[in-house]
Every structure is written in structure tokens, then in C-alpha cells.
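Labels A, B, C, D and E are assigned to the chains in the order they are written; within every chain, residues are numbered from 1.
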Amino acid sequence: MNSFSQMQDKVRDVLRRDRTFNHTIVEENIFLQGTHSVHHNTLDASHGPVLYLEDVSVSFDGFQALNKLSLYIDDGELRCIIGPNGAGKTTMMDVITGKTRPDTGLVYFGQTMDLTQMAEHDIAIAGIGRKFQKPTIFPEHSVWENLELAMKTDKGVWHTLFTVLTSEQKDRIEEVMLIIGLQELCYARADLLSHGQKQWLEIGMLLMQDPRVLLVDEPVAGMTHQEMDRTAELLTSLAGKHSVVVVEHDMDFVRSIASQVTVLHEGSVLAEGTMDEVQNNQKVIEVYLGE
Amino acid sequence: MKFISQKNNLGLHLIYIILCLIFATNVSAENNADLEKLIPQLQVKNFKKKIASVKQLAEINKPQSITILEALLDSRLYYQKADKSVVIIQKKDHKYEIFSPLDNTKIGLVEKKTIKKITTNNKLRKTIRTLLAQKKISHTELNIRQAALKEILTSSDASLLPVLQQAKKNESDESQKDLLTLAIALIEVDSKDNSIRLSAIKILGNSVFPRAKGKLEQVLLTNDQGSFIEQDKDIITASQKALKRINSKLSLFSNLETLFFGLSLGSVLLLAAIGLSITFGVMGVINMAHGELIMLGAYTTYLVQQAMPNDIGLSLIVAIPAAFIVSGLFGIAIERGVIRHLYGRPLETLLATFGISLLLQQMVRTLISAQNVPVITPSWLSGSLVFNPAFAITYNRIYIFFFALMVFALLMLILKKTSLGLQVRAVAKNRSMATAMGIKTQWVDSLTFGLGSGVAGVAGVALSQLTNVGPNLGQAYIIDSFMVVVFGGVENLWGTLVAAMTLGITNKFLEPWVGAVMSKIIVLIFLIIFIQKRPNGLFPQKGRSSGGH
Amino acid sequence: MNILSTKSLNQFYGESHILWDLDVEIKQGSCVCLMGRNGVGKTTLLKSIMGLLPVRSGEIIFDEQALHNKSASARAQLGIGYVPQGREIFSQLTVLENLQTGLIARKDKSKKLPEKIFELFPVLKQMIKRRGGDLSGGQQQQLAIGRALALEPKILLLDEPTEGIQPNVVQEIGDIIIKLNEEANITVVMVEQKLPFARRVGKEFIIMERGRTMATGAMDTLNDDLVKKYLTV
Amino acid sequence: AADTIKVGVLHSLSGTMAISETTLKDTVLMMIEEQNKKGGLLGKQLEAVVVDPASNWPLFAEKTRELIEKEKVDVIFGCWTSVSRKSVLPVIEELNGLLFYPVQYEGEESSKNVFYTGAAPNQQAIPAVDYLMNDLEVKRWVLAGTDYVYPRTTNKILEAYLIAKGVKKEDIMINYTPFGHSDWQSIVSDIKKFGSQGKKTAVVSTINGDANVPFYKELGNQNISSEDIPVIAFSVGEEELSGIDTKPLVGHLAAWNYFMSVENPENEAFIKKWQAFIKSDKRVTNDPMEATYIGFEMWAKAVAKAKSVETDAVEQAMIGVEVANLTGGMAVMNKNHHLSKPVLIGEIQDDGQIETVWSTESTVAGDAWSDFLPSSKDLISDWTAPIKCGNYNTKTKKCLAK
Amino acid sequence: MIINYFFPQFMHKDTGGKILLSLLALVTIMVIIFNFLIPLLLPEASSWHMPTYMVTLLGKYLCLALLAIALDLVWGYCGILSLGHAAFFALGGYAMGMYLMRQIGDRGVYGDPVLPDFMVFLNWSELPWYWYGFESFAFTALMILLVPGLLAYVFGWMTFRSRVTGVYLSIMTQALTYALMLAFFRNEMGLGGNNGLTDFKDILGFSLQSDSTRIVIFSLSAAALAMGYIASRFIVESKLGKTVVAIRDAELRTRFIGYKVENFKLWIFVFSAMLAGVAGALYVPQVGIINPGEFSPLNSIELAIWVAIGGRGTLFGAVIGALIVNYAKTYFTGALPELWLFALGTLFIVSTLYLPKGVVGLFERFQNRTENNKLEEKTA
């Protein structure tokens, strides 16, 4: 059974629609990446989606959390993912970031990076950033240090031992600080922030990482309407340069940002389309939106 | 009455019967000349001479000679310092009643100072026992015959052959008859007649009695060149076959035995760890004083025994609730006094309880003594359950095994099925939320810690039967206890059970191969490697919340 | 009549002053919505009422009894149900056991869960044997409310009950709160950021700013001015 | 210079060794009190300086230094384990102090600054084996010990001795267990198998401390009686027995230079004194106490003789000093800083006493270097002129110490 | 402040550290002057002499303080409560012990030029392979770092990679040191069994018994402590230090922003093990013995207590804690030999209850208060 499904995976891998074989990859890409690149793998999204999930299944103690989920995120896209509680949205993010390993299925970043084989930190370095459903920050560090730690640089042991902040890096931190509106709390310990402030800080850390893909799990939970608007603004401005995947239950928020919406239900995709399409989808109304 | 004999029952019976005999036959004094001559010779210092006298004494075919030998065996044969006359004594309160060895008439009541024991040594006692056994091999009472035969089996010599054959003829009890056959075969292996030898070898081959193996090995001795000393081919092959048979049986039994040893070590570990699986596993208190709570339980056993010196058998039963209460109260006091202030700072509990463990140790040293204290093993806990000569398991271990399982089951019940259990687990998981749900966390904490500590105390009662009771008792078990709990998976009682048993059995199966120290080291290394595979123990906490997120 | 009121309540975290001489009055049977920007002290206020934070100074009176010297568990026994922000499910306990923790503080010592919990949240019945921690965020929220209801409280404190809940369930929760408030006559105090929800469910509002109450009133008096002044950034 | 003579007491009062060592501390205190009642020494009172090295070996060295350098003691009574003595040795030699060591040990040592008043292997182990061999006619031997130097050395000596006496290798079983070993099931079962094949078997036990109780209990439970397989122990004395349920030990043997049960006026007086001092008539006396007693008495005599507490003077004065043994006869301090003492073998009784069943005719001189070890058979120790050496090679006529 | 002139920049805010290092320098210089130079120049003026036992005692404390720093690095900063740190200490000590044993040469009691005494009387015929090389000090110095480092590396590599954390990790470290203790107790190990290694004569040709050697070793210990402190300070002030703290507080988050957590843990663990090894190596010649007792799990627990009492997560606190507890032990074992465990136990309990942040926390509280007072004065 198991080996069969493994084989299936292999076959599927070869037949993927965006597949480019290694020998066809243009070598130059490596040089384009720049000199201080720390990735062993380089991202190649030139031939299709930047994030690619196919037939991903995950089960916990026999409970099927993801059920043959397929999802494709294009470069620069802003995608909203909605769906009932327990539909598997967070689990999907877990799978992408390497926290949970899928039982079967393919998860690719670009065309060459098999995320199921990579460690969490490698996935992060490769360019996938994530904000958790429950804000997770470094409680004993100041806001500034939180941002500093998240900053995109060499994250090897030796480098961190001897590195000092350059003035560009400092500027960048200041900049993000301004965006998340915590400049007054710059030196405050992060665990003293309120729930909403922590949400912002985590978003800030995400920005510092400058990832190719941002996975944002319920960013506006605990925010006021106006903060919500600001978040929406921020996320839309990020799209284009980055791919952004947002999970959110707040329909107003989703409406304000989304072009494409995917609805998950019981571990697989129920509907996909523009907000209007989805909103009028009878099934979606039934399981999720209500009248 | 006190007996030196290990085989209490045997001793009792013998005395009883002999006393009956004495009073029934009413020995007359006149034909006691031989006895009168021999008795004083028992006082010589030299044991070789003493043994000779004892042998002569045994040859005198009178009940009184048996009485004297019994008395000597039980260290009740004394002489009076004043006139060097030999007497049999009976302790009465703080004084001694003395009887004449010739006719058992009471002579008087004396102080300890005026009399002196006639000393015996191992060899002398063994000789007496064998001599007595020979006399009783045809006794009318079955259990006396059995005991006598058992004695003879350990040291039969050729001269006994006719006695044994006679006894076999008269024997009605089947198993006794089989044993007699074996005893005879043990002698007949050395017979001159090859056919007798062959049948004897066959009989030996069917027995797992250790001496049977020894005898066969003797038959198969080789000289320096490596060839058999024994000339007869048939005998050699027969012996080899028989020996093989024995060995295969023995290895089966020794595996069984090892398994049991493992389970029993496992149950000791379980007992030691189980209280910790509550205080540490459920409550998250890294309780370094756990060992000392076990120690307090053991000391309670001692004190209970001191309080009821005449009911040692019962004392242990009384000690169980007593130890539970004592250690439990100490536990509650520790919780109220110290741990209460440290919730949410689990690592700090390690430090404070370490301090407490020092205090408790020193407290025992100061209040009781730095020395170990004697805890007596009641008779129902000593000895072993003999399945056959190659496989016996000791009672204390059996009791402890079941006792451990019982304690385990009880705790399991409390935690899983009672409201207290629910509260305990809720508090352990999320203290502030539990309060908000109206759970009296302080009360639950005290009770839980008391429960875990009380169970540690109960473990102390059991351990007092296996090892020293002294101020250091706890330290010997604390590390193992933590290993067990962690190996099983913190917060999982089943894990603790399985872990304890696994560690016990692994240890015991390794021990014959590599010795006691290495097996322990290997088990530890195994543990370290195992944890790589299962970073949260055998039975990790499941669910998404357990990932630290 | 006030079922709950605070008088010049002061609360600190260490040296930082969070609640400043706070006076709040909550009438029996009302459904009050506590509003304000992030970090103004809403959660802090609820925790102080529940007894999870020792009050530095001031009074809390519930049902004509002074609360501030009572332990949290005693307050629960008086009939205060609490649904915290972030839900705080006992993750290793099953759903059933989680609900049962609500029974412990009940005055009547009843060992049976009120049926209405399962009527309100059928999903809990389906998942009754699963570990609470395994549920999805929304399911946990339902469980948390269910758990508070098991205690049959007189007043329910809800901290952002719709956070992370799917829209149709949000609606339902809204309905439930209304129902609990109107039919079961449970007083409700909830922290809520989402205006539409607050408007729909709440009967009164209290707006906080920097640890002080700035405005109170019936929900329909919550006008755009107030919103602009206190709820926008 | 000082107006008192200071006596250092270096015994662990806490930790694993406290069980044994606290008694010796009390013994020394008793002796000091006694001596002071007699008017002290050289017209001065004695003053005890007690420290607790806490069963921690480096701490022994540290405390020794403290006693000598800071407290300026004139003599130290102390140590129990070999390792504590080894730890103290360099310090005591460096500072030229004086140590009385009162416990039986493995030998292979002789220091100018140490007097060994406990038994060397030839004063305990070898006579014990002789007894078993001659009187009990033992043919098979189990040498069971705790894995540390004393049992290792003793067993090496015994093995060599047994083989020299014609015992075959396969009739000797050697087993080592860790400190505090408490699970004896398998080992006892092995011993049982080893011993029940027809040849008389005995166990020579160098099992240390706490491990003994579970060992004997297991023997009893597995129905091995002292008559089947007797165990002779070198570290089980009255003190240890007082903390044990003695039932399973009755009839087993112990070899020492002193038993409390020996009837002798000196002994009775000593016991009385001890029980009065410690305020309990339940407390027992034991061999290391006697060794402490003899050591102390000898030191007092030597100080009187030398009219000084100077180490060098006392050291020389010590040699040849005689003190009455508590079991009769005289103990003599030999040139090798070891004592001549009688050897007793006894059987354990149910009241925790040990009853003598055999003893040497006269005293046996302690041997610093065993004759049965290849490495030390040519070595002797002699602290008198002209040799003045702890490890003098009689073949090469050289002192190995530098 | 001018004093900052003497310290590297990353220490400027570390008042405790500055005081500590200054004191250390002061004491060392005093000891050198009064115990070494003055007796050398004016042999009769010895009234200011610090007694030798005090020098070695102080030296021992300094080694233990270095050990405490090592533990504080992994525990206080990285959240790895190692209950087996004494193992690394002991391994360093054994490496040094083996060197010192080889230095004895033929001055042992049996006069064997190669074999240590305990091998001679247990009939070992030749030196086991792992004793080779220890006649050279350079090799030994390497081993002092390498052996603990390697063990830490192997152990850390296995456990951190498979994400063993929390109590599981603590108990495994305990298992490690316990296993080592049992192994070293075995005489077959060829490291002296229970007796360990002792009776050392000299080091690099200088007699260990001579006062000047002692003063040199003491000064070396002081230097090692100072350097260990500065290096550790540098680490915790660097971004690496912040990362490590981040790992302690939110390991998952750290991973998800791209740090390879196990590498960081491994690095700091190995570094700390090496520091412990150095401490052990300096400790041995001063106390004159190394034996398996040093591996005892209880030692490691006690070590954790020193750190906690001083103040976890502040290097300065670790040093203070080690000094306080060890001084208390020395003092009480002499002054209250029968009751000192009561005193020590009470000290542990009271300090955990009332000094949640250790002695350093107390300082800080005091400092804050005085600062507040000053502020109030100003505003008033």
C-alpha cells in the first residue's frame, strides 16, 4: 500500500504539468541570485506556479485533515484561503513550511525544490515566510531585536557570531517598525505587547524576512476595523513582488483584498474563483458563509 | 522460641514431635551411661573432635540423643560456668530455664551470666542436620520425611544406599518416591555395575536437580590430554545424552528465571517511579526529594515494627497505610511550604526540592541515626515458591510484583475515573484556566502532591524488604526513577509501567552476558539512543498541542 | 440593578499602570460589549474580574458581594463563566473532560452536562472523545463557550469570542449569545472588535481607552463619532 | 607553643560514608575525653577539631590541608575508604602530618606519615580462606566483590593464593558489582548454580557497604543457607549488622581482628565506656573502632615517649609501641607502620553479634606489600634506619620512593 | 567611565562583569605579589602571606565558577538544562589527570617507568592505547578540549537533531553522566576505577607541591575564568547570543525564520563542554585527585543550583552563585560539621523561594530601587 502510493507519487512527479527537468534549467539562474546567496537550491518559478501542492493528504490518528488537496499559487499572486474551522487550512500551511510531513502528495516550491524533503529552516531560507495563527514572537527580546533576528541575512552560526548591523540593515528595521506602528515600543520586551500588537510584530518579522511567499494565518484576529484596513493595504502592496497566501475568516477583510479565493472543506478544495463567484457558490454558503 | 534454622517449619515440627516422644516414653536414667560419657565431650573447643562426638551421639539409638542434637543445632545447648555441666536451655523472659540433657528434667532458672553456649560452626551444624535427616528418612510424618530427604539430597554419601532403598520400598507418596529414586541414582552412578550405572544415568537425565548435572559432569571428566577418564563408551554416550537433556531444560528454566528477575526488577523500578510519575509526570514538579519520600516510607515501616515487635507479620500490612500517610503528609507539607510558590517555574522546583532532600536526609540522620536500621522480613515474605530444583521464584519478589501492579491500577483508576483525577489533570495542563473553571487549584495541588508522595512512601515499604533502610536509601532510586518516567513518556502512566518492565527485563537479560555494571551502562546508552527515535518517550503525548505550539 | 460593578479599579503589570480608577457597571440581564483599541486593557479587565490577576486597588462587586478578596475558583462558584482570549482549552483532556471541568464548580453538584450545550454546539457531540487540543481554532472556541456554560453561570465573560471563527459559526455564536442572554437570562460581558457583530449582539457598549472608560451607552447610541474617536487608529 | 594539643577528626558525617564513619568520629571524641580526664598529654589538654569531608574525595584532601595548615592539628584520625586515604596521602606527606587510618584495606602502601591500624589482607583474607579450606573443607570458591580497589586487590591476592594451594581455575568464580548494587537475583542464582554441583562451595565476599543487605536477603530468599554455601565477609561487622534484619545472615561468617562478643575485661570496659559516652546501651562496637582505639592509645604513648607532638619524633616513637588488644594479647606497631594483631573468624548470630569460631594462635603481623602479587612480592616497608623506606625492594636493595 | 577603557566594547554595559574581572585581577596580582614576589625578594617578610590552602581553595572556586559559566551558557541562555555538565568537567579533569600520572614516571611506589601504580598491582602488562600521547602536554591540552567537545558533539548531534527537548534532554544528559560514572568506576576501564588518578608529582617539570607552582596554577585559573567570561560575554552579546535566547523562548519561530536550530544548540553546547573541560583540567592539579565521583549526577544538579542561586541567564550570576555555594560549603563543613546539610538545604530552598532571579536579581532590584529613589528625589 505504502510503496504503491510512493510509486504513484513518483509517476506524478514526472508528469507534473510544470515539470522542467534539471538539465533544461538555465545555469545562469545561480548567478542571478547574487553573491550573498545562502540557498543551496535556487528558486525557479519561471515555468509556472511558485507554490505547488498536489494530492496532499495528511491524517492524524486516522483523522483525515487534508484529503488529496491540490493547490497552485502563482508568483506575485495574493490568494485568500477560507473555509470552515477544521477544514485544514493551518494544516496546509504546516505542510508547506515543513512542520507536518504529508502522508502522500507533492509539495514543490518553484519547480525544483521538494519541500517535503527540506528542513523547516531551509524552507524559510528558500523564501517561505509564515505567520502563525496564534502570534508567536520572541518574548524576552525587544521589538527591535525581534525584527533584527528575522532579518534576511546569512543565518549560519559563525556569521551570527561575528556580525554587526550595517546602517542599511538598521534603516530597514526602522522602516518596518514604522510600517507596523510599534516605533514607540521599539525597546519594549515583546511579551508585554497586547495580542494585537503581537500580531503586528509578527507581520513585521515576516516583512524583515523578505520572503518570496508569505503564508499569513488569520492576521487580523483581534484587530480593530481600522487596523484591519491597514493590514489589507499592507498585504495588497506586498503582492506582486511576493506571493501572499492569506487565511482569514473575516469576510470583510477577505473581500477587501482578494482577487482569487480558494475555499477548503474537509481537507480538500471546495471551490475556487473570484470573491463574487465564491460568495454566490451555494455549497460555500452552506458550509461556510451562512446567509 | 527462637530457632536458628532457616527452615522454620521443619524445626517446629521436629521439636514438637520430639517433645511428644520424650514425655510419652519417659526415659529412664539408668541406661544413660553412654550419653553421660559423650555429652561432656561436646564442650571441646576443637570442631573436628566435636563432630566426631556428634557422630557417636547420633549412633546411640535413643530419642534423647536426638533431643540433644536438636538443641545443639538450635544453639540451646549450654554449659554452666560453675561446674561445666551441660544443659539444655529455654529462654524465659530475661532468664533461662535449664533442663538436663539426659532426661529433660528441669533443673532450674538461671541468669544469662552463669551459663555459656556450646558453640557450633557451619560444618558441625551441617553434619547434625544430615545425621538427623538420616534418622528421619522413614519417619511417619510425610513432611518430616520430605524435609529429611531434601537434606540428604544435598549431600548423600554411598553409605546411605541401603537406608534409602529401604525407605523407597516403604514409601507410599509418589513424589517422595521419585525423589528417593533420584537420591539412589545419585549414589548408583558410582556403582561398579555398568547396567545399574546406565539406568542411574537415565534417571539423572530426567532431573533438573543441580547435583544430577554435577554428577554427570563428573562422569564426563577428562584428563589433561582431553580424553575421558571414564572408559566405558556406553556410559559416556548415555551421560552425554543425559547431560544434553538436562542442559536444554536448564536453559529453558534459566531463561524463565531471567524473565522473572527482569519483571521483578521492573516492578521495583515501577514502584520507585510511580509516585514520581504523578508529582513529576502529571504536576511537572521535578521532585528531587522523591527518593527521600521513599526513604520516609521505609523508615515508617521500621518504626511500625518497633511499635509492634510481636506482630512482625502484621506490621508490614499496617506499615502500608502508615507510610502512605507519613510520606503523604510530608508531601503536602512540602507542597504547601515550598512548591506552592514555584508553580510556573518548574526548573526551580528541582533546586528547592534538592534542598529539601538534603534536609530530609539530615533530619533522619539526626533524629534516628546515621546508621541503617533493621527492618525485619516477616516469614510470609521469605523463602521461595519452588517449581522444581532448577526454577524457583522468591516470595518477596512475587508479592512486590503484584503489589506494584495493584498500586499502579489504583492510581490509574484515581486519575482516569474520578473527579479528582480530572481536576488534577486540568490543573496540570493549565493552572489559571483551571482556577477560572472553579477548580480549587491549591487544594488539588496539595492533594495530588500528597498522593504522589504517599505512593512513594508505599514504595518505601516494599523496598524496605529488599534493601537497606538508611538515610541514603532514596538517592539510590532517584535517578532510576526519573529515567523510567522519562523513558515511558512524561504524563503517561502506562508509559511508566512499560518502561519499568522494559528496563528491568533488558537489564536482566544483559546481565549474564556482560555483568551487572556493563548491563546498566548498556541500558543507559540504549536509553539515550532510543530517545533519538522517540524524543518524547515510549508513549509520547499526542496531538497538535504537544508540539510546543 | 447592577449584577457586576467595579469601583476605581487599578491594575498594574509590574510597574506599568494598565487600568486607571476604572468604574464599570453592568446591569443584570444586559449584554455589554467592551470595546477599544488594542492594548487598552480589555482583557486585563476581564481577568481582574475573574480573579486571575490580583487587583492592586479598588472594588469589584458581583451580586452584592465583594469579589476582590475571593479566589478565582470561588468566583467561578458564584456563577461567573469565563471564555478567555485564545480559548485555553485543556489540550490533553478530551472534549468531554473539558466540558466536565465546568461541572466542578457547580453549586448543585450535578454530574450531568446540560443538554443545551450539545444543542448549541452539535460539533462537540461528534468530537466528544477527541483531545481538546486537536480541535481546530473555531471548534475550540465552541468548546470554550460550552465549557463555561456547563457551570450554568449567571454572567458570562467572553473575550473576543468570534476571533478565528468561520462566518456562519460567528453568526451562530451571535445567535447563541443573544439566546443565552435573552432566554436563559444570562448577563453577558464580551470584548468584541468587530463592529457589525457588536452592533448585532450587544445591547450596551463600553468604550475603553488607556485603561479608562471613555463612553458607555446603549448600542444604538454608538455613533460614528465615537467609533472614529476611540476605535480607529 | 599552643596550649592545647589539637587532634583532627576527618570522618565523613554526611553522604554515603556517613553510615560507617560517624561512629569513628564519636570514638575519637570519646578517646579524647578519656585522655583529658587522665590529664591530657604532656601536661596539655587535647582538643578535637572535627570537620566533615562529606564522602567527597577531593574534599578529604582539602580538609586535610585545612586541618594542618589552618587549624594546625598535631595528628589526624580519619578516612575510611581507600580513595579517601589516597586523596589525603599527598597532602599529608607534603605537610608532614600524621594520619591514623583505622580500616581494613588492600595493602600495597606504606607512608611515613600514615599508621595503618586496620587489617592488611594477610590479617583478614588469607586466614579466612585458610579456615574455609581447612575447617569447612571448601573446594569451590566464589570471590564476590564490589568493583573497587580493595576487593580487586584482595581477590587478586586470594586467587593467587588459592591457585598456589592447588585449587583449579574453574573452581573459582569471580564477580564484581557496582557500589550500592541492590538487585542480586541473577548473581545469587549463579552462585547457587555454581555451588550446588556437589563440591563444597563458599563465597568470599568483599562486597562493600549497603550492597550487603540485599545480597544476604537474596541468599536467604533463594533458600541458600549458610550451611550449604557459607559466605565470609570482610566488611560486615557489628555496626552493619545492627542495621539489618539478621535472620538471613545467621551462620554466615565474618573475619576481623575484633568482635564485640569476645569476653575480655578490656573489651567489657571499652564497651561500657562507649555505651556511656554515646548514651545508648544499644550501640555496638566493631573492628574499626578497636583499630581507632589502638591507634589513639599508641599515639598517646608515643607522644609521651617522645615528649613531643612533632611528627618525626612521634613517628619514630610509634614503632614498637604496644597496646593491649581488646580481645586479649598485645598489638604492636611494626616497622612498616602496620600492626600485629590476632585474626578472628566468627559466625553471625541472630542478635547481630559475631561469635568467634576460630582464631589465630598468636598475632599476625600486617604486611604492607602482599607476597602473592607479582608486583609487590619483593617489596617491604621499613621505617627504621637504615632503610627508612616504604617500598624497599629486597632484591635490588633499593628504595623505590624518590 | 575610564574603567571602560580596560574592557572590550561589548562589556561596557556589564557592570557585574566589570567588577568581577577587576576583583579577579586584583586578587591575582595580590597573591602573586605577596605570596610570590615578596617572599622571593624579602624572605623574612611573610606576615602578609595568604596561606597555601587558601590559594588552592580559591583556585578551586575559580575553576568551579568557570564550570558554572559553562552551564549558564547552555541553560540560562539556550534553555538546555544539562544535568550532565559535570561529565565534561570530569573528562577534562581525567585528561589532565592522565598527563599528571604519566609525569610521575618511575617515582610511583613500584618504580615502574611507564605504568601507573594501579595498573602495576592489577597486573596490567602494558599501557592501554588510550593512554598514549598523554606524556605530552601539548597533546593533553588538545585532549582537554577535544574529549569533552567530541562527546558533547556526538551527544548533541544525536539529541538536537531528533529534537529531544526539555526534561527529556535533561534526563538524557543525566543518563550520560551516570553511564560515564559507572563506566569509570570499572577497574577494567584502566583509569583507576573508584580510586581514580591521584598522587600527582609535577606538572611540566615543576613540583605540584611547591608554592610557586600553586600560585601559577591559581593565576592560570583566574586567567581562564576571565577569558572564559569575556568569551562568553562576547557570545551572548553577539547576534548568536540573541538567536540562542530566541531558540530558548520560541524554538519553532526561530526555525521558521530560517535558523538551523540544531546547529546553534550544538555549537553552544560544544563550546560550553570545552569550557567545562578546561575548568576540570585546572581543577585537578589543585585538588590533587580525579575520580569517577566527579561524574555523579548529583554534582551536576548541584552545579545547576549554583547557577540558579547566582542568577540564571547572567554570566556574572553564575560566577557569584558558584562562589557563594562553595564558600558556604567550605565554611559549614568546618564550622557546623553535623548540621551543615541543614544549612545548605535551607540555603537552597530559601534562595529559590525568595530570589527567583538569584542573587543578581537581588542586586538589580536594589539598583532599580535606588534609581527610582533618585528619580523621585529629582522630581520632588
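Following the convention adopted for this analysis, a contact is a pair of C-beta atoms (placed from the backbone, for glycine too) under 8 Å apart; a residue touches a chain by one contact, two chains touch by 3 or more.
As the structure is a prediction and not an experimental result, all values here were calculated from the model.
With steps allowed only between chains in touch, the distance from chain C over to chain D comes to 2. The chains in contact with chain B as well as with chain D are E. Nearest to the global CA centroid, when each chain is reduced to the mean of its CA atoms, is chain E. Most remote from chain A, judged by the distance between CA-atom centroids, is D.
This structure's chain pair with the greatest number of C-beta contacts is B-D. Centre to centre, using the average C-alpha position, chain C and chain E are separated by 52 Å.
Chain centres here are Cα means. That of chain A falls 74 Å from that of chain D. Measuring from the averaged C-alpha position of chain A to that of chain E gives a distance of 45 Å. Averaging C-alpha coordinates per chain places the centre of chain B 62 Å away from that of chain C. Among all residues of chain D, those that touch two or more other chains are 13-14, 147, 176, 178.
Touching two or more other chains at once are residues 60, 99, 132, 134, 136 of chain A. Looking at chain B, one finds that residues 361-362, 475, 517, 520, 542-544, 547, 549 touch two or more other chains. The part of chain A that touches chain C in the complex is made up of residues 60, 63, 82-87, 90, 133-134, 181, 192-197, 218, 221-227, 230, 249-252, 287-290. In the complex of the two chains, the chain E residues touching chain A come out as 235, 238-240, 242-243, 245-246, 248-250, 252-261, 263-264, 267. Across the interface of their complex, chain D is touched by residues 2, 4, 6, 47-48, 75, 117, 119, 121-123, 125-126, 129, 154, 210-211, 213-215, 217-218, 254, 257-258, 261, 264-265, 268, 361-362, 365, 370-377, 382-384, 386, 392, 394-397, 465-472, 475-476, 507-508, 511-512, 515-517, 520 of chain B. Of all the residues in chain E, the ones that touch chain B in their complex are 81, 155, 158-159, 161-165, 167-168, 171-172, 174-176, 178-179, 182-183, 185-186, 251-252, 297-298, 301-302, 304-305, 308-309, 338-339, 341-342, 344-349, 351-353, 356. Touching chain A in their complex are the following residues of chain C: 13, 16, 37-39, 43, 85-86, 130, 134-139, 141, 160, 163-172, 193-196, 231-233.
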